[in-house]
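First chain A sits with chain B, and in the next complex the same chain sits with chain C.
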Partner chain A sequence: MKRTEAPPRYPVYVPKVSRIWWLRTGPFRRFAAREITSMFAAIFSVGMLLFLFALSRGRAAYDGFLHWLKLPWVIALSAVILGAVLYHTATWFRLTTRIIVIRLGGRTVPTVVIAAGLVAALLGASALVAYFHIWF
Partner chain B sequence: MATTPDEAGGREDELSWGDVLDQSDRLEVRPRPRGRLVLQLPSLEALVWALFSAGGFVTAILVPVHVAVLGIAFAAGWLPRSALAYERIVHLVHNPLTKLYLLALVALPLFHWAHRFRFAIHHQFGIGWKRLAATACYGTAVIGTALAVVVLLRI
Partner chain C sequence: MADPTMTLKVARYRPEHRPKPYFDEYEVPYREDMVVLDALNYIKDELDGSLAYRWSCRMGVCGSCGMMVNYKPRLTCSTFLREFYPKHVVVEPLENFPIIRDLVIDMSDFMEKLRTVKPWIIRTDEHSVDEGEYLQPPEQVDRYKQFSMCINCMLCYAACPVYAKDQEFIGPAALALAYRYNLDTRDQGQDERQQIVAVDWGIWDCTFVGECSVVCPKDVDPAAAIQRSKVAATTKSMMSMLLPFGVEREED
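Up next is the complex of A and B:
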């Protein structure tokens, strides 16, 4: 770089990045998929809000919401949301086992044990929610 | 360290890594002032990251079963008739603990989405506008949380 030019006084390395860099390789694509599928977590929240709104407006609105839940496109959307959040669960557990380090008596708990704990938490919480949701 | 497009000699429509990431990938932390009593407030970035993380756990552990029960099992007719009966659900939601649970179930995934979508705007869609993107994403999550509070108080 010529010294006669005004700032910058020293060369600055800025890599040029294509706008679709995240489509290029497998890990990039999986990263992008993880980020984009968080959309479905927000869609779930909106659906839950609609459920609560219907509940607050009385029996007729609530029955209307339950009827809406049985429409084919809503079932299809639910299936897509379920797939997306299970993908999220897998990626979230994967990255949690890489972040959390538990030391017990000078030894590090193996990641397999942490992963098993997370899966146990998922199954336990699911069983509890299903029990309250369906039979309680 | 991050540079602005001008410093790097780039044009304004070309996003550089530093341009997009300078807030979240800071290489240095300002040292704490020593010898004085200073009230340390956690930064906004730390707060939204904590909400993002909590939302990640809620979405991973609690959301799948809710979608499976409400979206799939009910629609497929696998549930007993009483499962989603109006009286039973109203009785369940009247409990303050259930209300707190539902508030977390609605709000935290929204904050999780907000944090990831904020960066997806920069990384995947290649749009700059950092302040606007952050305000729009977290603002949406805050509005959703407020709506959840209002509706839960009205049930």
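Up next is the complex of A and C:
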């Protein structure tokens, strides 16, 4: 929608917005961190696709991929990705509790319960992955 | 001992004297029960009658006296000097708006955006007066009451970096009010309003920085209202995709 301005009966001053506005205050920096860490989730997804691609090309390619995963710099990168994705997840869990409103029997479910449900779902999914990883 | 004083650095914009804004410093008497607006009134009465700013009720209801106080959007009538004493206070006009004079901003854009979201009850079937008012039980009032507390002070627009960068954005207060009327069981204008707000420059422009809700003096939480509008819009479009015959369709 177009910006509406009063008829120019008088000169107005329009301040400029800095390109690095997102570094200006603590909340803006935290917002930028939240958005930037989402890129690490994308990088992780690319890793998963490479993993599936290696798997589809047979045993040798799969073993080669596993060897690549154990290189020190890849382990270091994985640690960074894990940290960033966990941070991103935490920020989204926090935001989700502010958005989701669940009504049960005329009462609103407390946000603590929703947050606990989200954490339980994350832990449950992680346990499931760990279970398949160990047993298969 | 001399009575305590405090320094106010006040942004001035007087285009007939200087083309750009600048700061003037004033020394005002300090008392524990003084708010920033009291200090501005002291300046205008005693030190410099040329200072221009808006104010009215002095009790956090009218929403006129919003300014940047030490770089944060605040109602100056509810911001005590003691929060900053003995340091100085910087008072500037609300960010993200064109400045008309000193601390007075041009609010035309906000007023127009507020009007476009149709913040009133829309009825498709209007009752006659004889049938009485549209009744509503308290639990239905509770659903939207928080979002109806907006005083149009525009602090949320000053706090919003999305509005700063993209001034086509409808903005926090107007979108929160649209949501307030969509939640009202007496209202029948959801579809009409949705076409206005569920657009690129409406709810989808918001990136959920969340500062609008932090600065809101009435705890309206516009950020939550906008995200919930996104959920409602998405649910509705998913439902129309999954249940093509379950929702109203336009005539072929």
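Structural remarks
Rule of thumb we're sticking to: the second predicted complex is superposed on the first by the 120 of 136 C-alpha atoms of A that agree within 3 Å, B and C clash if a C-alpha of one lies under 4 Å from a C-alpha of the other, contacts with A are read in each partner's own complex, and residues count from 1 in each chain.
Everything that follows uses one rule, which is that a residue touches a chain if its C-beta (ideal position, glycine included) is under 8 Å from a C-beta of that chain, and two chains touch if they have at least 3 such contacts.
Keep in mind the model is a prediction, meaning the values are calculated, not measured.
Within the superposed three-chain model, A:E35 lies in touch with chain B and with chain C [touch as defined at top].
By the document's definition of touching, of the two partners only chain C reaches A:Y10; chain B does not.
After superposition on the shared chain, chain A has more residues touched by B, the comparison being chain B against chain C. When the two complexes are overlaid on their common chain A, residue A:P27 makes contact with chain C while staying clear of chain B.
Residue contacts after overlaying the shared chain place A:V101 against chain C, while chain B stays out of touching range. In the superposition on chain A, the residues of chain A contacted by chain B and by chain C overlap at 12, 14-15, 17, 22, 35. On the chain C side of its complex with chain A, the touching residues are 13, 15, 20-21, 71, 95-96, 98-101, 106, 108-109, 111-113, 116, 139, 161, 164-165, 167-170, 201-202, 207-211, 214, 221, 223-224, 227-228, 231. On the side of chain B, the complex with chain A involves touching residues 3, 7-10, 14-18, 55-57, 59-72, 74-76, 79-80, 83-84, 86, 89-90, 92-93, 102, 105-107, 109-110, 112-114, 116-117, 119-120, 123-124, 126, 140, 144, 147-148, 151-152, 154-155. Those residues of chain A that touch chain B in the complex are listed here as 7-8, 12, 14-17, 19, 22, 32, 34-36, 38-39, 41-42, 44-49, 51-53, 55-56, 59, 62-63, 66, 69-70, 74-75, 77-79, 81-82, 85-86, 88-89, 92-93, 121-122, 125-126, 129-130, 132-136.
Touching chain C in their complex are the following residues of chain A: 1-6, 10-15, 17, 21-22, 25, 27-28, 31, 35, 95, 98-101, 106.
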